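My structure is below; once you've seen it, I'll send some questions.
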Amino acid sequence: MDLNFRSDNESPAAAEILAALSAANQGYVWSYAEDDWSNRLDSAFSELFGTDVAVLPVSTGTAANSIALSCLAPAWGSVYCHTGAHIVQDEGGAPEFFGHGIRLVGVVGEQGKLQADPLRRSIASNGGHGVHSYLPSALSLTQSTEAGTIYQPAEVAELCGAAAEFGLPVHMDGARFANAIAALGCSPGESTWQAGVRMLSFGASKNGCFAAEALLMFGDSALMDHAERMRKRSGHLLSKMRFVSAQLLAYIEDGLWLRLAGHANAQAARFAAAIEQHPKASLEFPVEANEVFVRWSKAGFEQLEAAGVQFLIWPGHDDMARFVFSHCGSAEGTERLCEIVAGI
Amino acid sequence: MDLNFRSDNESPAAAEILAALSAANQGYVWSYAEDDWSNRLDSAFSELFGTDVAVLPVSTGTAANSIALSCLAPAWGSVYCHTGAHIVQDEGGAPEFFGHGIRLVGVVGEQGKLQADPLRRSIASNGGHGVHSYLPSALSLTQSTEAGTIYQPAEVAELCGAAAEFGLPVHMDGARFANAIAALGCSPGESTWQAGVRMLSFGASKNGCFAAEALLMFGDSALMDHAERMRKRSGHLLSKMRFVSAQLLAYIEDGLWLRLAGHANAQAARFAAAIEQHPKASLEFPVEANEVFVRWSKAGFEQLEAAGVQFLIWPGHDDMARFVFSHCGSAEGTERLCEIVAGI
Amino acid sequence: MDLNFRSDNESPAAAEILAALSAANQGYVWSYAEDDWSNRLDSAFSELFGTDVAVLPVSTGTAANSIALSCLAPAWGSVYCHTGAHIVQDEGGAPEFFGHGIRLVGVVGEQGKLQADPLRRSIASNGGHGVHSYLPSALSLTQSTEAGTIYQPAEVAELCGAAAEFGLPVHMDGARFANAIAALGCSPGESTWQAGVRMLSFGASKNGCFAAEALLMFGDSALMDHAERMRKRSGHLLSKMRFVSAQLLAYIEDGLWLRLAGHANAQAARFAAAIEQHPKASLEFPVEANEVFVRWSKAGFEQLEAAGVQFLIWPGHDDMARFVFSHCGSAEGTERLCEIVAGI
Amino acid sequence: MDLNFRSDNESPAAAEILAALSAANQGYVWSYAEDDWSNRLDSAFSELFGTDVAVLPVSTGTAANSIALSCLAPAWGSVYCHTGAHIVQDEGGAPEFFGHGIRLVGVVGEQGKLQADPLRRSIASNGGHGVHSYLPSALSLTQSTEAGTIYQPAEVAELCGAAAEFGLPVHMDGARFANAIAALGCSPGESTWQAGVRMLSFGASKNGCFAAEALLMFGDSALMDHAERMRKRSGHLLSKMRFVSAQLLAYIEDGLWLRLAGHANAQAARFAAAIEQHPKASLEFPVEANEVFVRWSKAGFEQLEAAGVQFLIWPGHDDMARFVFSHCGSAEGTERLCEIVAGI
């Protein structure tokens, strides 16, 4: 029994995705995203989101995020985000590279979430010195957040509203967007464009695909030409793009993406309940999606590791760890994990 | 019967590659290229090339080429290549982007091939004006070339020697490297590092993979840290890299890559023979790999298209066309093509 | 007697310019181009050119050129220019740096001048492959040219018209713009905005200033915000900008710039006449401004050097040399040069 | 009487500097920093600093800082500095532009000064995630600081030592270096290379020059080629560089720079004493160089302005203001300022 809760990035692809890839592997088709699968993306995502959506398929979330930000901020522009955001902590400078020198400005917030007033203050305190300052240019939210929490649609709307006061469009990093929507139970449109989000990095790789992500533009797609140029010159226009697009289509067909994410979320909830009942361990953040951050003693974590459980001791801490539940983790594995925890 | 000879980029993946992908789709493995498949790449390619090889898997040839050139040239450096090279004609400025403003300098050469003396003259006539000029920094060769021709190992060695006179290291764009090696019959090492090539973009996507390419460094791998940083910040470090690496391993296992390429080459040779026998059509370049450039009348090409054959009228010409033969084109299809041609 | 004809870059500033600098050196004034001198630039240049002009003072021509091109071309855009243009030959990659990876495309032309049809063909043969190609984005002309020749207003208009057919705006590198206008005898507006030029790098350093150049935008100044941001982030917004602006104002006041350039042109014409009378030396290009390119024997040039004359043997040639006449070269010096030449 | 204390950037050049410029304005000299003035810089600064110094003259501090950082950090590198540092607050993204996407990491510190332990913690908490993180690459100190305070040589040494523990070289932004050295009374070498500083942006524009700054490399000058390439491609290689170099030589000759700075410091000290005696105003930071930050009521500042005094209300505050004293402010003006303050 596999007791790996280190990262959903370590999971294999779902059977449905492999089947779709196999089905798409027939005959000659146009290259460079002019195939039938790629051509169907706009309509499929438009239907899913209930509005006109322009879709740019790519193979990594870093590419989707970085291309999006390069569309929204000029080289002398700054992008506001949470201090713990993936774009600022984990992408090796890709946003700055694609953006030709943009600056990411981290804003502190509890439980991995930005709040409107600190965001307003941060924007207001920057950019007031003309060309000497960076020009505040965009806001980037992560949904679900890096802390495993979720923005309610009203919270997204409030943040988009605060950004709009300064003329800033909003990007959402949806590396774990499926987990958020599965948890919220709302429509994907409700927590994105209806709340004011202009571009979404729609993630699929973590939740059942091999390597499939998409940059979505809601409504106005005037920036798609910019995005396509950046995709090409960053080497992300796959010649055989059908294989990415086929994954994406299968992923959103018949609600597969939400079933997979819902399963992962349920496992996380089960584990969270076990932690809450434990006399010494505790939850660092509310568990709302598929990630669980646990505060425990170093000894506790060591015993857990000794029992064969794999998870991530949080860098720089020895009393906090992250457990991520994936689309393919078995319920038995989760139960076993809970038993082991209870026994320590 | 599929009569598509437009591009090998339009072909599906080989059955063996799909099988390898499926086999790799089991259980949790380390993410970000720390999985077992990725870890085996260095030794597998070292064995294949007969020397120490450091391997950086990526998903597109443009990424491999651009990362390689960013390693070899500073931002103020120029890279010499054939005027028709893919890097200068077809990559949308990716080398310049990854290289932070490097310049590509095209050198004219017959049949898609560079020759040593014109190369020497071009290098010598540039870069002589200190900081006012670009610094000549690298040479990039394409093997097989964009004209479907092949450099003999001695020719590669001569060009590497000419470059070395100016201190320039050599990169090889091997988008169709398999076709070249299958045709040459030499070892892969003989036409690369033994001839003086320092880095190779080892292509696999066109010849049977979904999306699998690799940047290879021969011998000294001191620049691999640079390459890994660039891969990350260009968004090319896939979280589930096992799927790229598994393709690459299957591709070079038991000579699959050469069998696939040999088949494509044989089809091209068959078609070339048919063209040579045709009273009005002729070959634009020697046919040495899997591409055939045909000179014919506009009317001839139109009749061919009317017969259901798909191929590429060369941009800016109406009397030249390119036919590319892929790993999966059937011999029957080739015969049918030859019959149609003969009948016009 | 100073017999230096190597470059007008080696000349000192004119007395009037030094006086203006000295006069501006009084008391405190606003920094960062908000001083009275800088504030007067727009109106002074608007009057000079007979239309609304927005002026961005900088200290080098490379900065002016590179900022201009960064305004006109996106990072994936190409800029067409003569193969011998300063921007492509002598600026060390500055246009590519400021432009985040733009490409300069050289077009061949006699006597340092572009012609409309080869330009059309070059643009048409590029950029036809969507995102795979660079996007043709701008044309850059040099006036007077790097060969010392001049575009007539009608020629400028014809080239601007050809560029406009492809939607390309036109930049003019006017490092020696004064020499051109002094020779043409037309108004500065006639050979720029009236002929279709959108931006001009107005040079002054070579012709009597210390370090003073300006980027001029004619009519629509919507791109000035872009230019100001680029000036700041390239380190070209001097805190004490009054000293650049004061030079520029003095330079164009009362026709100083044209008097200085006219003097230089006259010296060049005198020397050209001497060359034409020489039995063995000849002019390489028509002499229309302040540069004279001479074709002569190696021995001839060596004797000239031995006589104490300083000039530039053209790189890569031993039978061609360039002589540049500056605003401050004495007529006696020119006569002495002519005598020496005649005596060889 | 001029009561302008807004910024030393608003001051004119010293008479000695204007005289030097005038003296250098004679005859033809080699262009592009190959003139005699430029050639003397290395030896003049080596003598001043008591070690081998390689000097790169430029015209702005932003250029000097940004070129220096581009030498010390790769594109994926981070540079640590104080949160209030000029490079991060006031240079419009120039360091990020010259550095092709480097990241500046601000570290909090009292009175505008960094301290070793917070610096260590900041470095240690970053860059631990391989290619996913920026690579900690350099430290940048400002001397005198943006708060008008000064690092003692031992403090510089301690910070350089902390940086060295992580392998980080140190850059010093010396826009007001003269004010620091005049106040410290130590040799310029003692607070720079002897304390571990590798590169210094030696400022002169604020303290009596027109536009003259220099990037100084101590000891090893292997990175000078990088710096020269960056200077050229950023448009900072003036054709008539003699005018910058002549300013620099005159500035350090016979201690002019320290006399000018000492005067400015003395005025600041006089004003600081007046503030300390005031019942309602107070000093925000220790006054150690030529800048005075005053905490006072809004009404107090308004009365001061009404009395004709010019100074800078600190952005975002209405109860703090900055007063900068320059090389040319008269002692009478300072006395008048003190009287006005005392009368409010």
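Order of writing sets the chain letters: A, B, C and D. Residues in each chain are counted from 1.
Just so we're on the same page, a contact is a pair of C-beta atoms (placed from the backbone, for glycine too) under 8 Å apart; a residue touches a chain by one contact, two chains touch by 3 or more.
Because the structure is a prediction, the values reported are computed rather than measured.
Residues touching across the chain C and chain D pair largely coincide in numbering: over half of the numbers involved belong to both copies. Counting C-beta pairs in contact, the pair that comes out ahead of the other among A-C and B-C is B-C. Look at where the CA atoms of chain B average out and do the same for chain C: the two points lie 42 Å apart. If each chain is reduced to the centroid of its CA atoms, chain C and chain D end up 34 Å from each other.
For the pair chain A and chain C, the distance between mean C-alpha positions equals 51 Å.
Looking at chain D, one finds that residues 32, 75-76, 91-93, 96-97, 100-101, 131-132, 229, 232-233, 237 touch two or more other chains. Residues of chain A touching chain C in their complex: 32, 74-76, 100-101, 131-132, 135, 226, 228-233, 237. Note for the complex: chain C touches chain B at residues 75-76, 89-93, 96-97, 99-103, 125, 128-129, 131-134, 315-316.
On the chain C side of its complex with chain D, the touching residues are 2, 4, 6-7, 9-13, 18, 21-22, 24-32, 58-63, 66, 91-94, 96-98, 205-206, 210-211, 229, 232-240, 243-244, 310, 326.
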